[in-house]
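Shared chain: chain A. Partners: chain B in the first complex, chain C in the second.
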Partner chain A sequence: MFDLILTQTLNGLASASSLFLVASGLSIIFGVTRIVNFAHGSLYMLGAYIAWTLVSRFGPADALGFWGGVVLAALLVGMIGVVIEVLILRRIYQAPELFQLLATFGVVLMLQDLTLATWGAEDKLGPRAPGFKSFVILFGNRFPTYELFLIAVGPLVLLVLWLLFQKTRWGTLVRAATQDREMVGALGVNQRLLFTSVFFFGAMLAGLGGALQLPREAVNLHMDLAMISEAFVVVVVGGLGSVTGAYLAAILIGILHAFGILIFPKITLVLVFLVMAVVLVVKPYGLMGKAPVGHARGHGPAEPLLLPADNLTKLAGLIGLAVLALAPLVAPDHILLTLTELVIFALFAASLHFMMGPGGMASFGHAAYFGLGAYGAALAVKWLGAPMEPALLFAPFLAGIAGVVFGWFCVRLSGVYLAMLTLAFAQIAWATAFQWVEVTGGDNGILGVWPSSWAASKFAFYYLALIICAASILALRLTIFSPLGYALRAARDNPLRSEAIGIDVMRIQWIAFIVAAFAAGIAGALFAFFKGSVFPTYMAIPRSVDALLMVLLGGVQTVSGPIVGAFAFAGLSEQLMKATMYWRFVLGFSIVLLVIAFPRGLVGASLLGLERWRGRPEAAAKPVLATEAGR
Partner chain B sequence: MTIDRRNFLAGASAGVTLIAAPSLVRAQGTGPIKVGEINSYTAQPAFLKPYRQGWELALEQINAAGGALGRKIETVFRDDGGKPEDAVRHAGDLINAEKVDLLSGGFLSNVGLAIADFALQNKKLYVASEPLSDALVWAKGNRYTFRLRPSTYMQAAMLVEEAAKLPAKKWAVVAPNYEYGQSAVKWFKELLKKAKPDVEFVAEQFPALGRIDAGATVQALEASKPDAIFNVTFGADLSNFVRQGNTRGLFEGRVVASMLTGEPEYLDPLGAEAPVGWIVTGYPQAEIKTPEHVKFRDAYMAKFSDYPRLGSVVGFDTMNSIAAALTKAGSTDTEKLVDALKGLEFPSAFGQAEYRAVDHQSTLGAYVGRTAVKDGKGVMVDWTYRDGAKYLPADDVVKTLRPAG
Partner chain C sequence: MSVVMTPSQVATAVDASAPVLVVRDLQKSFGGVRAVDGVSFSVEAGTMLALIGPNGAGKTTCFNMLNGQLKPDKGEVVLAGRPITGIKPRAVWRMGVGRTFQITATFTSMTVRENIQMALISHAGEIFSPFGRARDKYREAADALLGQVGMESQADRACGVLAYGDLKRVELAVALANQPKLLLMDEPTAGMAPRERIELMALTAEIAAAKGIAVLFTEHDMDVVFTHSDSVIVLDRGRLIAHGTAEQVRHDPNVRAVYLGSGATSGGH
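Presenting the complex of A and B:
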């Protein structure tokens, strides 16, 4: 038993090394540039692919060929990081955090398809490392020497990083920028060069992490997302910006994995995110992290005032609704199906907007509540034998209850930490659905969640969805202009002043969180009956990103934006998926363009254009006022 | 929100015109017959690239001979990316927008089950080619779903026949944690216990598909000191598992019974590291000399300048069985097609096979043998063909397993 514990500890330490390399790069980049680089997992994957190509070309049996290939691959990935930084990220350092996160997610999508196009879809089994092909006997078990080598790499890199940061001018600048980058800029340091070099360095570490995996596992196209979600956990648990913290967290997660397999083989995925949530709740800035100086909150442009609809807007909304209501009379079946989906997504987007726009709480895991709504409906049908009507009523409460619990913790944080905690909770929900096979069916999902016979026709279900979604969206809209909505916006714009005039900020935000979760649950339940089945993918990261994209495409600072955004995004991505095999690339590219060119979203941009065209003097004055208020 | 009224009205009326535009009405019985084929082309390329090539070979041969019902057959391919959610969306789109006459495909078992449920709800025929879960034709079987490949039950039964001859008493299992893995393990355990009541199962590992932590998993299996191992992993999981297992000596002095490992798509990537002496189901493509197979293999090599994988056979046979069903039904009507498929005999690259009327499972078999390494490549030796019909329970047992009848 004792020997098994020791061996499994070593296994955990070996897996921790690659995780640490990726996570430390991510952490350094965040510390200096304040960008949470979603594409870091993709750089890790590229490292593995490039190393595979180089090593096969240089001759895998030759020590120089192998190690030369690995090092060169890491350097090349560093260069790719520089290209990404110069072409994309440099333009969005001033944008709100969420936009940056989205832009890097766009890069993930693009790199996924570029990798597919370059290396093909087949898995690549790399060669074993020369000099490390064998094993040693440790504690009565055979243990691969390469794993021992990996165990040594972690502390070695940590040492190098420490020397670099303590003993060189560059390292000092990086540490200074991590503490207060405005001050570093004010003191005359070339920020551009610093940021680019940091990005090169971080990307190189990720590439090295990938290249070192070559003898360990087959290189494949799913490495990027698998790694990035773990690396996020490590960085957040360790404390954003702290390299030592990242090392401790990587070891913690690696060992947790190794023993999880031994003790709880069926809940390994949940364990990791559970640890992350617990750490964030107990130590919001991670094990070794410090509360950020100055920039706890986003520093994007201040939010403009929201105004209740004037008559023209009401008319437009009414016409839009009328068109949707009359559409089934002329639309063929497949258009009707698309419209049903769009209507449901509009509610999903509106619910996210409610907490993100007026609430100022950017959620990176909103799919959890959509998925819980869907699972609520499906579980009611499967385990309680409920027909559609009670299941539809029950489902949003499951999402709402999750909102009560998760929200209570989330509203205690703000900005990127809040987004990370919502992500952790969403991943817990996802992992539970994925691994609790007895109840949720795991990866098989729950099938046979079909509507009652009166609503089974496409025609009837469309009207059911339209009525429920339109009513819910209107209710959300009314809430935004209710006293609760005003209090919420006050809390977003200035928490201190709001507290001073007697608004319980956390409570208001908590309520908004719950309302948003509940509304997303309604959308999810409808979606379950619409598709007839639910799967864990309903609450996976890509669905949360979809929701964010819909809101941002429409514009966060407008009330109708998310609805327009939902129609634009869902319509576009469906057409794309049919039109080209490389739809991910096109979608990713559009996201990046959107973030760079239309940071206010479609509705926001058109509103701005309209105001300029009308030349209203008060419109010009408004942003100034809003900026003042935002401070 | 404020939108300029003129622009809005123009946009709205354009939208209405677009929706109202008379969609192309396809006269029944004149255009090509359309098959909607959904598969995990990008998620499982090792199997599905050859699958698609085998499919296209069959399609070319059928259309060159005049198609079916005097019409050409056409395929609309869709990629589900290994996600049941996407498969269901494609199925809806294929039926409603593309107006396909029937659905086919599916690789992962959970994807197959999702499409089967969709087919039942929409009363459309679904010919499942690869999803192996027995639930597809038994526990969740329905009138509209048929399946070509030998199921988890059949392949487990074939392996159990060999495994029961071994002296091994303590078994450990490792399987991907989704429908296929769970179902294979369930039947292997049940059938082996029946054949040899004194066996015990000492360890189980269910890594998530595509996410095996091979070192720790191997160690956990090693710790239970089994006499033999039953493996259900495939693809990248298998490669990682075999490499760690080889280095850590997990397979030394132990026999491994393994699903699908003899298929070239999973054996070839292992190269010289391929395991030796495993009892596997698979496809020794270069050595099968039956006339049907030689004819198929020659045609395939001529068209693609590459040797066939098992996926090629599955794609080829699925298309051929669909064509045979269309000819027998004399119509593209779903109900008539379903009736035609019950008891349909069709030519396969492994010889004649039949879709059983009792449970819609085809009697296509599999090759069982041992793995070996020859010239730095994994191969199958001592193999024999096992006819699928012999590895299914009696009809009255099947009826109790299949509530749908």
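Presenting the complex of A and C:
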């Protein structure tokens, strides 16, 4: 028993090292640039791939070849980080943080396809590290020496980082910038150089983390998202910006994984979630984190005025609805299928917009609720033998209940912290669907989720979806203009003032979270019956990002934006997928371009253009404050 | 008249004609430093009490213990005979305390009128209602409040585009929406032009007198303090060093010493 505990502890510590390298890089970059680099997992993956290539070329048996390859790979990844920073991030430091996150996700997509194109889809098996081929006997157990080496890497890097930050001028500047970026700028420090060097350093750490994994696991294309969600958990638990916190959290998570696999193999991720939940309840900003100074809730740019739709907008909405209602009379079947999907996605986007726009809470894991709606419907059909109607009714409640639980934690945080937590929760939902094979069918999903016979035709199901989605979107819209919606907007605009006039900010946001989850659940349930099956991918990160893209494409501060965005995005991505095998690259590239060109979204940008064209000086001079209405 | 009392005096002061706000022996330390040390005072209906003192005197700490943002280590805050010590800001508001902030806090995505409507909706306990249009609720009441502060002509403008002085007036109207017994104003005239300051405080005094609202405000501008306060209390290093009318405080040797002989009338620092 004792040696088992020991072995698992050592295993946990060994896996914690790479996690720490990635998370600390993420943390340092965030500290200085305030950018949460979604692509950090991709840099980790690149580190592994590049190291694989270099080590294979230099000769894996040769110590110099191996270690040279690892170090060179880390440096190259650092350079890739510099390229990303100079070409993309430098242009968006002033953009809203959500757009920054999105741009880095665009980079994730691009790097995914670049990696696929360069190295192919097959896993790459790495060599053993020369000089570390043997085992050590510890308490009668064989333990690979490379694991011991990895265990030492963690504290070693921590020490190096500490020395770097305490003893060098560069480190002092990094710490100063982490505390007060503007002040450092005011003191005449070359910020560009500082930011770029920090990005190089953080990227290099991620690359090193990936390269060091080479002897431990096969290099594959899923390393990026698997790592980034874990790194987010580590950073949230440890405290954003704290390297020591990242180390403690990495060890905690690593050990938890090692023992979790032993004791509760099915729910390792749920365990991680529980620990994270406990930490966040006790210390909302993580083990070593401090409450962000000066950018507390609501201290963002002034939110634009939101007005109810004018007659022209209402007319446009009615015409749009009429076109959708009449479309089946002329549209061929395949168009009808596309339209059904678009209508469902419009509701999905509108549900995210509800919490993101008026609620000011950006979710990076909204697919969880969409997926739970879909699984709710599928499980009701599969295990309870329910027909479509009760399943459709039941499903959103599953999503809503998840919203109650997850939302309770999430509303305690704000901004990027909240976004990361929503992502972590979504990963837990995804992992549950993926791991709990007996109930959910795992990767194979649940098949045979078909509509009742009256709704089985494409024609009938389209109308079913259209009616439910249009009604739900309308209900969300009415809520935005109801007292509840106003209180929600008040809480977002100015939490201090809200509390001072008796508004319970957290409770209002919690309600909004639940409403958004419920509405996403409706969309998910419809989607399950539309496709006839559900899969864990319904809850995966890319689907959450789809929803974000729809909302941001349309413009988050407009009520109609998400609907326009959903149609624009879903139409675009379908064409892309047909047109090229590397659609991810094109999509990622478009996201990056979009963020750089239209930081206010399509509807936002066109409204701005309209106001300028009408020549209203006040509106044109203060676009942020007065132009975007609820159109 | 607002007066400063010793704890024993306060004990006898609670009766029918009790002051709106009674503060007894308030105390708060931060890491061993006593930011507020045994402060007692009271404010009566319809009067304006100014809380002044040099930077670091404990004004803000004291204020934040009254409005619920900070929990006192010791002492008691009583509003109209009911203890409100250590309760949350939103609960303090429900008990009948309106407040304005040093840096104006309004809802920028709403019009001026909607800002007031929001406060009225909350006062009516309807913030959780998903039904009806918020824009149509309490419109007349909101316009009436805006009329009181002279902002009715700008009711449909976005709060984000207002001039700073106008924003302060909107905030005052918001603070009046729950028919408060007590108004807490943290640096109400900070960042305003001198004429605007006088206008805003004259307006506040007028409303306070008319509605019987007790007003407690912190202030740096001594002109404002001496023109618009019924009485003044002076804090220094967490302790209450003087109280009385503006005239009394002006000639108080302790106060003069604290302000380093710079002359209490020269506008503070």
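Throughout what follows, the second predicted complex is superposed on the first by the 612 of 631 C-alpha atoms of A that agree within 3 Å, B and C clash if a C-alpha of one lies under 4 Å from a C-alpha of the other, contacts with A are read in each partner's own complex, and residues count from 1 in each chain.
Throughout what follows, a residue touches a chain if its C-beta (ideal position, glycine included) is under 8 Å from a C-beta of that chain, and two chains touch if they have at least 3 such contacts.
Since the model is a prediction, treat every value here as computed from it, not as a measurement.
Contacts of A:103 after superposition: neither chain B nor chain C is touched. Shared-chain residue A:487: touches chain C; no touch with chain B. In the superposition on chain A, A:92 makes contact with neither chain B nor chain C.
Look at A:308: by the touch rule set out above, it reaches chain C but stays clear of chain B.
Chain A has more of its residues touched by B than by the other of chain B and chain C.
Once the two complexes are laid over each other on the shared chain, residue contacts for A:392 go to neither chain B nor chain C. When the two complexes are overlaid on their common chain A, residue A:135 makes contact with chain B while staying clear of chain C. In the superposition on chain A, no contact is made by A:324 with either chain B or chain C. No residue of chain A lies at the contact with chain B in one complex and also at the contact with chain C in the other. Every residue of chain C that touches chain A in the complex is listed here, in rising order: 67, 88-90, 93-94, 99, 101, 105-111, 114, 117-119, 121-123, 126-135, 137, 158, 160-161, 174, 177-178. Contact residues on chain B toward chain A in their complex (touch as defined above): 1-5, 8, 12, 15-16, 19-20, 23, 41-43, 45-46, 49, 79, 83-85, 88-89, 92-93, 96-97, 109-110, 113-114, 117-118, 121, 140, 177-179, 182, 204-211, 213-217, 219-220, 222-223, 235-236, 239-240, 243-244, 247-249, 269-271, 273. By the touch criterion stated above, chain A contacts chain C in their complex at residues 302-306, 308, 478-479, 481-487, 489-490, 492-494, 496-497, 499-504, 508, 511, 557, 618, 622, 624-626.
Across the complex, chain B is touched by residues 4, 7-8, 11-12, 14-15, 116, 120-123, 125, 128, 133-135, 141-144, 147, 216-218, 220-222, 226, 257-258, 261-262, 265-266, 268-269, 309-310, 312-313, 315-317, 319-320, 323, 327, 330-335, 337, 434-435, 437, 442-445, 447-448, 450, 531-533, 535, 537-538, 558-560, 564, 578, 581, 603, 606-607, 610 of chain A.
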